[in-house]
Structure formats: structure tokens, C-alpha cells
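Sending over a structure as C-alpha cells; questions will come in a sec.
By letter and in written order, the chains are A, B, C, D and E; residue numbering begins at 1 in each of them.
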Amino acid sequence: MLNLFLLQSLNGIQFGILLFLVAAGLTLIFGVMDLINLAHGVLYMIGAYLTAAFAAMTGSFAYGILIALPATLAIGIALEVLVFRRLYDRSHLDQVLATFGLILILNETVKIIWGSAPLSVPMPEAFSGSIQLMGNLRYPTFRILIIAAGLATALGLYFMVNHTRLGMLLRAGATHGAMVSALGVNIRRLFMIVFGLGAMLAGFAGGMVAPILSVDPGMGDSILILTFVVIVIGGVGSVRGAFVAAILVGLVDTLGRSFGPMLLRNLLDPAAAAQMGRTLAPMLVYILMAAVLYLRPTGLFPMGGGTR
Amino acid sequence: MSEAATPSLGPVSSSVIDAPHVRPPLLAQSAPWLIFGLFAAVPLLALATGDSFILVVATRMLIFALAALSLNLIMGYGALVSFGHAAYIGIGAYAVGILSSYGINDLLLQIAAALAASGLFALVTGYLSLRTSGVYFIMITLAFGQMAFFFMVSLSAFGGDDGISLSGRSTLFGADLLRSNLVLFYGVLGVLAAAFLLMRMLVASRFGRVLRGTRDNPTRMRAIGFSPFSFQLTAYVIAGMIAALAGVLLANQVQFVSPAYMTWARSGELIVMVVLGGMGTLLGPIIGATVFILLEDVLAHFSEHWKLGLGLILVLVVLGSRDGMSGLARRLRGGSDV
Amino acid sequence: MLKVEGLQNAYGQSRILFGINFEVRAGEVVTLLGRNGMGKTTTINSIFGLLPPKGGKVFVDGLNMTGKPPHAIAQQGLGLVPEGRQIFPTLSVEENLVATRRADRRAPKWTLESIYRMFPRLKERRRNMGNQLSGGEQQMLAVGRALMTNPRLIVLDEATEGLSPLMREEIWTCLRSIKSEGEAILVIDKNVDVLARFADRHVVIEKGRVVWSGDSAGLVDNPDIKNRYLHV
Amino acid sequence: MSDVLLKVEGLRKNFGALKVTDNVDLAVEAGEIHALIGPNGAGKTTLIHQLSGNLKSDFGKIFFDGRDISPLSMQNRVHLGLARSFQITSILDGFSVLENVAMAVQARSGSSFRFFRNASREDDINAQASAALARVQLADRAHRRAGSLSHGEKRQLEIAIALATGARLLLLDEPLAGTGHEESAVLVDLMRSLRGSHTLVLIEHDMDAVFSLADHVSVLVYGRVIASGEPAAVRAHPDVRAAYLGEEEIA
Amino acid sequence: QDKAQDKKVKIGLIYTLSGPSALLGEQSRDAFLLAAEKLGNKFGGLDAEIIIQDDEQKPDIGVSKAQQLVERDQVDFVVGPIFSNVLNAIVKPVTASGAFLISTNAGTSNLAGKDCNANLFVTSYQNDQMHEVSGKYAETQGYKRVVLIAPNYQAGKDALAGFKHSYKGEAAQELYVPLGQLDFSAELAQIAADAPDAVYAFLPGGMGVNFVKQYRQAGLEATPFLSAFTVDETTLPAQQDAALGFMAGSNWAPDLDTPEARAFTTAYEAKYKRVPATYAVQAYDAAMLIDAALKKTGGNLEDKDALRQAMKTAEFTSPRGQFALGDNHFPIQDFYLTKVVKRADGQFATSYVETIFDDYKDNYASECKM
């Protein structure tokens, strides 16, 4: 029982890490450029498709993802130059409209290129096994790799945003972009870098999950909403918030699904508990979000509140 | 510490909204007549072309125009972007579906139930949601919308995900009037026109003025003695109830009710309709819904990759203009966009 | 070092500037005077490329910078203290100062230490976020932030607005010391009397046109100008 | 002119370890212009926030017209007759000048949960709003878009809005900031014309204005009132000179 | 006969062709068009006009598109859709207009039973049947404890009910997951902890892909995997090796040993470069059904009763083997156990293992009063 709990917690953390990888870029773009990018999920999908394509070409997952990273970076920058650049000073709703349009365009383009059948990305040999953790607890190596990659990314980003000039400029640009440039900083290039970076992070997440999740044209949409949930719980623009929220969402979702019915059974008769558990399971993350926002209307780590 | 606590995440930049005291040009004054007149003439077109399907599409446009109109009340005049508005369409539709599965087919009873249920849902969720603002409001309304969606999906008693097939359209005082598509069409048109007039009054009324003021500068409104919360909550409830009315009509047109009416994607489409048409204008959402459904219908004829085209059009509309199509139209007429 | 020729600009349909001409030579202190709404801020924004000019030219050190992006213009050695301060609210005081810091020389004149020496108040508040400062503290920070780019010409748009008399005096002292270091200053302020005491030349703007320019003596000797255009 | 309209006792506000207002006592008499001066960051704006109900105080009591209003919300304080302007102009840019004021009149004349009648055609509201505009000399601007006013005019509008709330006490936070000499003069005249009929608490860094207007001056330094009294006395106070006025005033 | 020459038959296809499930609709549409091509675009001698619509997997859009087909285009037959909720929504508008609706995938219990409809024909199956196959197999294998997993929606509940209909052992756990769930690690951990004799999964589309990929990684490779709609030719391209050896109940396998099956599979693969799934066969048979019926009526579309009778008794040989329509217009057919294999050409496909049900009729037919 305890073992199962530990294992499920690990699963929750891993799911959270995945959400964090996608959410990190989104929250940066949101926080810095004040841009609501609904198309962020599509970038995640593109990362997965490119990884699949390059992995098939080179016969190696590692090469696949290594080539896919600069490729999504390039795509992100191209999109920034073509579309997003024109959206920064627009209202959020204009951004919603335009990026909704982009979702349609990119989803359809992916379908035209790769078809609507899901693609396969084979699990890299070296990580296909599982590791003995403690007692009889085994955990898939690849998932540990995801956790490690996510943690490394989180640390790197946290350091970048809070302790580097680039990070300061990002935060400064978020509120007074024109002022930053009047002080001699090329804000356009700065935004382009952030956007490319965000796209690459999403692409990285897509590539990393390709071996364990379905690579299909709908994958971006299904993660998008969860990603938004994460960044809003965390407090928009806060990388630290996104991290905490992602782990929280991962844990609540996973543990709630596996132990929720068990807990309910103590309160209700088994049939009602099962029914109730099933009804509540998909709502858990939303209940979590509503509760967090009710208590803290600007998320767990609101931007600019208090010293960091 | 500075008072410049302007909510930078407030979704509506006030520059989007026309100054209310600016007298609308003649074209804008006659536009409602023009639009409602054109719709009223649709059955003639259907008759002339012998294509009765035109009526079906037109009815659908009107129903979504009603839903978009209601969303615009909170979004365009209250800066409250709800990403869960489709839930109210669903509630309205289920009011019809559930009552009719108990043999209650009277339209007025169904409407009463829809309004009561949606009003209550809006009151509770609005009360909780209005603590937040900006993106946070967007997402908390999404959360409640998703809860409503998942609740209906797992509600086996009423078909769950498979939905409920209605035995027929609702009756009015025992008469099966709505069975005719023509009657339904004019009925829906009448409801939309009434809602339009109601909105027009509402927005200009004391209540509407406070709502608009709150949209632009809540701190200022508080400083002159208003408590924005109750006004926003009232608007939220009204918007939810009108959307539920749209749901009642949708259920009647389609004669089928399912949780698919309540997905977040639907809520997103409603937002797109409002923004596409031009937010914070009364006709904008009606135009936006019409165009959106027309595009869906027309583009799908050309290619299976029609969504590519729809996406391109949306992106170009935004890049080409600031306030959706109404802004685009203004620009084409040669006005300034700034 | 800065030369403005026939500068024109407009917001949408409404024209604001109708051909502004003036120049600031190296090491010189020049003021832009004029009543509210006459186009002083618009002139500054046009120079910095924040509002691209609709006509005329801007030269920095003889280089035509018209139509260049703001960062390129600033990098030529121009530092801005904007109207309304524009402090970065989500950065701490210290981060506000270092984020856009620039130093071309090896031993830059303006460093965190020297700024803190000039504004001890900022040092006390250095961990505060920008949006937790009082109005006056924000103003000091804006001046400090511009100095941290070690400009050769610093432009101050109403830099003493909202400051206490003591603080205002300190800003003037600071400007005098900046001047004595050989930096050029372009300043907008409503304290004409103080400006007349240490500025070299004055440019008076009325409805988007330069209606008078000359040295301090000329301004003091010419009460008519002050009455007509400045309502002092 | 001797009954105290606003009385503040032991008011405190801390931000973390920072004592922003520190045991402030203040008495403002009805009909006077009471200037509040002090160095930047002394806590003046914070004090206004506390008085108007924007910020909750940590300690202390506020009496308005003899009544303890500390627990009341901002809206309720407005209803009692306490209004404020903002250090940074805060008006409804998208509305007409008249509507900006009419909104404030509406706030105190009956319920605003009226859904059907066109509010901009309510004559008695508009009449009261026009009266307030006339009082601040903005009558000819009534139908302009508020956002298009000049800076000084916006300041005048803010005062008109405050008047229209039916306020007896106006809390004005740097109304002269950013205004030119000409506009300053208009605003100073305006404030002078309110003396007697209204009570003003005025924060200003413009000493010419302060000393020409104020009946009473209080000086706030590091959150504490270090001096309070007749303008001339305060002006001569050595601590005030050292902490605030500096040499400029001597010159 | 020459009257029939200048007459046309109009057929409307309504499938999900956009969104994440577009592949299923494409499989069906392609197969129908393949059949039309094979028939030289003549159905029972009549030239055919085929109109294709996308229901976007939304019931109300489905209704709108269906109404467009019957009202504007005045089609004689509507063929489709993929999803049950869309089917439920369009049955009425289509059949009320007098057109025939041929459902090529969805087959809900109400339409097989109490709500059966004279103008509705089904070439697929009744939903429960596919699940009963695995249940029966689990029963005959003597599995004592089976964990069942399905999404928490109507079809998911029906699926597990279907499985339990023919499996009498213990359902160790019934796991319902939220629709569209991405990560199954929690459920897989629970299954591993439970160590059942077998797992039965109904997780269509992307959910199935994710589940299968994660199944082995969770160390469950030794536990037999039974399923329906979870490993088929639409998901296998993504699952590949991860699904090898997994079993599924079906009414079709591309390697069925009949001349029709071989011909169909070869032609489909040659034209569309992918292996046909059951969605394809069922749509193909809809075309064959129309063709056979019209042949019987001599191309007469006006006499609806005759046409209905002709459809009911139409004879053609389906690639899937035995096929006939019952009184409720649902098929009576064989059901197979299939298993995922890697073919010689490197493609993954399901492969026939054994016939579980012979000429199997659904359990609701008796409730149909028609």
C-alpha cells in the first residue's frame, strides 16, 4: 500500500514535470510579452512530430530530438516574425482570435504533411527498462529521464529569469517594452529569443513524450487546456509558480484518480462511491484550480508581489 | 506604491470601445434594421431557390448569434471573458432534454426551467469567479464549464455522452407549432430581436453604465461609491440566462441534446464569434456568429482541409484590423484605425 | 551632438509637431520650454524613435538616426528619463538599475555605488519591487536608471515632478555635477527660474513650433517670452 | 470653523518590516484646507489610501463627523461624504466628461440596478453633473471624450467627480502634479473657491500653492507627523526645513 | 430500363474528417469511394453522385450536415457516421425525410432495440458485440480475474457491460478514466499491483495508443491484453512493437482467408497506402449493400417499401465473411479474436486467430418492434 502510494506519487510528479515543460514556455511568453498564445500546444505537437520524423530518418531517438530542438526553435522564430510580433501590442482577445486561427492552420498543415494517423516513436533502447527503486518498487527508466530533464529545465529557467540580465530584461520588457528599448536594448530581438525559447521548450516536451504518448494531430489541443490550468494556478508569468502548480496538478490528478475512490468508499456505499469517484475524477484538476483561484485570485505566485 | 494599479491583464483595452457619446453615423443607426431585415427575408430566398436547407443554416446562425450576444454583454461591456459560456447553452438544452424525457414538452415550462437552472449556476459560479479578473477569470470560468461538461458526460440517467434524442420539438400551449422550420425560424428571429433590444436598453441604462465604467476603471468606480461585484454578478447571471435560452432553441432545432454542446472548444468558438464581429458593439456578435457559421458551411465545400482556410481568414482579420470585422469595415471605409 | 531638423509628427489624424529645429552641442545644457500640451514630450519621443517621425531628421553626432529603432538611437549615447517614470514594476530597485546598464568605458562614471551615493533612499529600498515605491522614489530611480547607461546626452522629461523641494534641489545639484563632468543635458521642466540659472540655452515650443530660442540671459531679459509662452 | 470633521488616532500601516505610517494622529476641521506635506516616501499616499478605505490599517481609528469609519469599506465611506482623487490621474477615458461626473451623481441618487431607462437621458442627474462641472470651470468641455482632455483639465475633472459624489471631505493627492503654471493657477483658484463649503486634505509638493492655500499644515516624515500647525509656524520649524523644505524656500 | 439510365442515385457520406479522430472517418470514406470505383460508380446500374460531409465529431454539426444532405442535396442514402452520439442525433432528421441511413460504425443498443427504425440500416455491429468477443474468450481461457478499463462515458460503460455479458469470472477492478486522458501511469500501477490474469481495455483512438505504449513499460508484458477498438489498423501505426501479441475482438482482420478479403485489402492498401481497419470494411459494405439493393429493385428509388425490403434481403459477399441483416436491420455476422502481428512488409496489422461467435445476433433485436 505504501509502495503503491509512493509509486503513484512518482507517477504524479512525472506527469507534472511533463506539464511543466510545456507550461514553462507558455508562462514566459505570457508573462514577458503579455501574449496569450493558444497555439502553444501546437508547438508541442510540432516538436513531437519533428522528433518522430527525424528519429525515423536517423534511426535514433536521441538524434531525432537533437535535430528537432533547433527545428522547433526555427519554426518558433519564424512564427514570431510572421505573426506574433504583430500581436504584442494587441488586446488579449485579438491574440486569442489570431492564435486560434493559427491552431487551425498548423493542425491542418501537420495533417497534410504527416496524415491523420498517429505516428510511432520507438522507445530508445537504453531507457526502455525499469529501475529498482526500493523494495519491489520498479520505475520505468524513461520516465525517470523525463523527470530529470524537467528538473534540469526548471532549475535552468529559474536561474535565468531571476538571476541573469536576460531574465531582468524579460521581466522589464513585460511591462514597459518601449522603455526597455529607449534604454538601448533591442527588445524585438529579446522577444524573438523568448518566443523561440518557449517554442523550443514546448517542442522539447513534445519530443520527450513521443515515445510514451500518441503522436497525433490532436495532441496539442489536449494538453493546451491543462497547460493553461497550470500557469494560472501558478500565477501567470512565474516560472516557479508553473513548476509548483504543475507538480500539484500532476499529483492531485494521479493520486485523486487512484486513491479517491478508496477514500470515498469510507464515506459512501461502494456503488455510490464508484459512481461519485468516476464523476469527480476528471473534474479534480478543475476543482483544484477553482479552489486555488478562489483563495488566491492571482494564483500561487503572482507576478511582482513581494520580493522574490 | 503607486495608484497606477491598472490591471494590465484586463482583457479589454478601452481603446477598443467607441466612446459611447459619439453619435453613431447613419449607417450604424440603420444597420440593425438592415441585418434583421435581411434575416427576415431569408425564407423568401429559401423559397426562391427551393433550398429549404438555407433556413436550417440561418436558424443556426440566429441561435449562435443569441449566444454570442449574451457573451458580449459580459465580455464587451464588462471585460469579463468567460471561457465556459457553452455550459449555459448546455444547461438550456438539457432543460429541454430532461423535461421532455419526463414527458414535459411545454416550451414555456422548459424555458422557465432553463432560466432557473442557468441563473442558479451562474449565480454560484459567478460569485466564486468574480473574485478574480483578467486571465484568471477566463480560466476559472473554464474550470466551471469543464465541471459542468464532465458532469453531464457521466450522467448515465440522461444518456451521458450519447446524449438524449428528443421525441419532437417543444409545444406551445399544447400546440405543435415549432414543428415547422419556418415557424421555428421566425420564433428564433423574434427572440434574437427581443434580446437585441433588451441589450441595447441594458447597456444604456444606469446598470449598463456602471458595468461599462467598471470595465474601464474599477478602482475609479469604487472610489465614487460603487461596488462593482454586484453589477458584474448581475450581468454574469443575465448573460448565462440568455445563453441558456439559446440552448433551449438549439435543442429544439437539432432535437438532440448532448454534452458536446458544452465543450471548452465550443466556448472558445463563442469567444471567436464575438471578437470576430467586434466586441463591445451590439451588432458585432450577431455579425460574428453569422460569418463564422457561414464560413464553416462554405469553406467545408471546397476542401477537406477547410480548417486551414478558416484559420488563415481569422489570422488575416486580426492582422488586418484591430476590432474584428467592425474595425476592418471601418478601415476599409477609410477611417483611422488608431 | 544632437541635431533636430524640421521634425514633424502626429497622433493619428491630429498633427502635433510642425517642424521643430534645434541642437544640443556636446557638454551643453539645453531646455525645452512650453506650456502643457505644446508638444515637448512628443518631440522627445520622436527623437528617441518611440514615435517614428513623420517628417524631418534627427542627427546624433552627425549620423542620421531618423527612423532607426529606439535601441539603436539610445546606443548612440542618449539616456532617457521619461515622463511618467515608467519604472519596471516587477523588478527590484537594484534590478531596475542594472537591467539596462551599459558602459562603453572601462571605468564607467555611473555605477551602482555612485547612484546609491547620490540617492541613499534608493539604497534603503533596493530590494523593493518597482511598484512598491513612492512617487518620488520612482522618480529618483528613473534618473538613476538612465544614468546607468552612461549616456553622453541625458534627456529628462519633467524629472522633478512630484519631488519634494529638498529632493528637487538634489536633482538640480546632480544635474549640475553631471554638467560639470562634461555631459550634455536636454531638460524639460516647469521650474524655469532654476533652469535659467544653470542651462546654457533654451528652446521655447508653442503649438508644435519653436517660437524662441536663445541663451539664459536672453530669457531672463525677455519677460515677454515668459509671459506669452510660459505664463510664468 | 471649529468642529473637527476628520479625526485620526494612532493610525499605523506596515509593509513587512517597513513602518509606512507610524502612529499618525491628525485632526481636520470642517471647512479648512489642510495640507499634508513631507518627503517622498514619507507615507502620504499610503495615509490617503487608509483614509479612503483603499488599504486596511493595521492599527488605529478614523473618525468622520464623529463616527468611527475604520471598519467601513471604501464605498460606504464615499456614501458618508468622503471622496478622493488619485496621485496618478484616474478617470474613465472612454466616457464623456459629463458622464464621468454623472456616474458619480448616479452613485448616490437611488439604486443603480435600473435596467431599462436610458441613463444618459436622466435630466436631474445630468443637471447635478453639469453643476459640478460648472463649479470646476469645465462646463464647456461636457461633451468631450474625457481621454482627450489636457492634463490640467483631467485634474479639474477629478475634482468635479469628487464633488459630485456629494463629498464633504476631499482627499486630494498631488492635484497639481504635472500641470503647467497656467493650469496650476486655475486649480489653485478652484481649491480656494471650495474652502468653506468643503473640507480639503491636500497633498502637494508645490510649496507656493501649499502656503498660499492651506489653513493648516501637517508634516509627515518616515510615517510620523513631526509638525502640525499654522503654515507660517510650520514653515519656520527647523526639523521641517531639514527634512523637507531644504534651501530652495529660503532662496 | 432506359428510365433508369438517366436517373441518378445520390449518396451522402457523413464522417468525422477533422479533429483528432479524423483518421476513422477517412478510413471509412476512402473505402466507400473504393467500392464506388470498383462498381464503376454505378450502384445497381444507376450513376451515383456522392457528397461528402464532415461532422467534426459534434452532434449538432452532424445534424446540420445531415439536414443539408437530405434537404438541399436530397440524397437517397446517408452513409455514416463514426460516433454514437452523432448517430443518435442524425437518425431522426435523416429517416424522417424519407432517406435511408446506413450506419457504418456506430450501433447503439437503443437503435438495435426499442428505438429501431425502418429506414436505418447498420453494416457494423451492435456496440456490445465487439466487447462480448473478448469476454467470451476470457471465459473460455478460464481467466479468474480480469481488470477492465474504459473511458468514463456511455460507450465505455456499455463496453464493460458487454464484456461482462459473456464473461462470468470476477472483474477484479473496473477502471473508468476521464475521456481523453493522456497518461495512464496511475492505472497501470494499480493493475500491476493487482496482478490480474488478464486486462480488458476499451480505449479508442489516442487514449489506446498511450495506454498500449505505456503498458509494457509498466512491466505488464506477461499479462494478456484483450481489447476492442484499442489496437486496430488506425492505432497500430503509432503503437507498433508495443502492441505485438495484443488481442482484440473484431468482425474483421485484414488477413481473413477469403477471396473478397484478399481483394479488398490489396486494393485498399494499393490505393491508400495503409491497412484497412474495420471502419473501412463496414463502409465498403454499405456501398455493396446499396448496390445489391438497387440491383434488386431495378434501380427504382421511388418505391421506398420495395427498396427497404430489398436492402433487408440484399445479398453480397462481404470481405469479412458471413453477413446478413436481422429483423432490426443490424448485421448477423461472425466475430473473431484477432492478434497484433508484424507483417512481412513491416506493417503492423491485426491477424485472425479464431472465430468466437458464429452468425451472431445482438441481444437487443428482440426488443425491436418493426
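The definition used in the following text is that a contact is a pair of C-beta atoms (placed from the backbone, for glycine too) under 8 Å apart; a residue touches a chain by one contact, two chains touch by 3 or more.
Predicted model, so just to flag it, every value in this text is computed and none were measured.
**Q** Treat touching chains as neighbours and tell me the shortest step distance from chain A to chain C.
**A** Minimum number of steps from chain A to chain C: 1.
**Q** Treat touching chains as neighbours: how many steps, at the fewest, connect chain D to chain E?
**A** 2
**Q** If you tally contacting C-beta pairs, which comes out ahead, A-B or C-D? Let me know.
**A** A-B is joined by more C-beta pairs in contact.
**Q** Among the chains, which is located farthest from chain B on the basis of C-alpha centroids?
**A** Max centre-to-centre separation from chain B belongs to C.
**Q** Return the chain whose centre of C-alpha atoms lies at maximal distance from the corresponding centre of chain A.
**A** If we average the C-alpha coordinates per chain, D ends up farthest from chain A.
**Q** With chain centres defined as C-alpha means, what is the inter-centre distance between chain B and chain D in Å?
**A** 42
**Q** Counting only Cα atoms for the centres, state how far chain B is from chain C in Å.
**A** 50
**Q** Using mean CA coordinates as chain centres, what's the gap between chain B and chain E in Å?
**A** 37
**Q** Going by the contact rule already set, what residues in chain A reach two or more other chains?
**A** 111, 175, 221, 278-279, 282 - these are the residues of chain A that touch more than one other chain.
**Q** Mark out which residues of chain B touch at least two other chains, giving numbers and ranges.
**A** 1-2, 4, 150, 153-154, 307 - these are the residues of chain B that touch more than one other chain.
**Q** Would you give the residues of chain D that are in contact with at least 2 other chains, written as numbers and ranges?
**A** 45, 87 - these are the residues of chain D that touch more than one other chain.
**Q** Can you name the residues of chain A that touch chain C in the complex?
**A** 165, 168-169, 171-172, 174-176, 178-188, 237, 303-304, 306-307
**Q** Show me the residue ranges of chain C that touch chain A in the complex, using the header's touch definition.
**A** Against chain A, the touching part of chain C is residues 48, 50, 69-71, 74-75, 79-80, 82, 86-92, 95-96, 98-100, 102, 127-131, 145-146, 149.
**Q** Which positions of chain B touch chain E when the two form their complex?
**A** On the chain B side, the touching residues are 51-54, 56-57, 60, 150, 153-154, 156, 159-163, 165, 250, 254-256, 258, 260-261, 296, 300, 304, 306-307.
**Q** Once bound in the complex, which stretches of chain A touch chain B?
**A** Against chain B, chain A makes touches at 30, 34, 36, 38, 83, 86-87, 90-94, 96-98, 100-109, 111-112, 175, 221, 225, 228-229, 232, 236, 275, 278-279, 282-283, 286-287, 289-290, 293-294, 297-299.
**Q** Could you please specify the touching residues of chain A with respect to chain E in the complex?
**A** Within the complex, chain A touches chain E at residues 4, 7-8, 11-12, 14-15, 18, 111, 115-120, 122-123, 128, 130, 138, 140, 142-143, 211-219, 221-223, 254-255, 257-258, 274, 278-279, 281-282.
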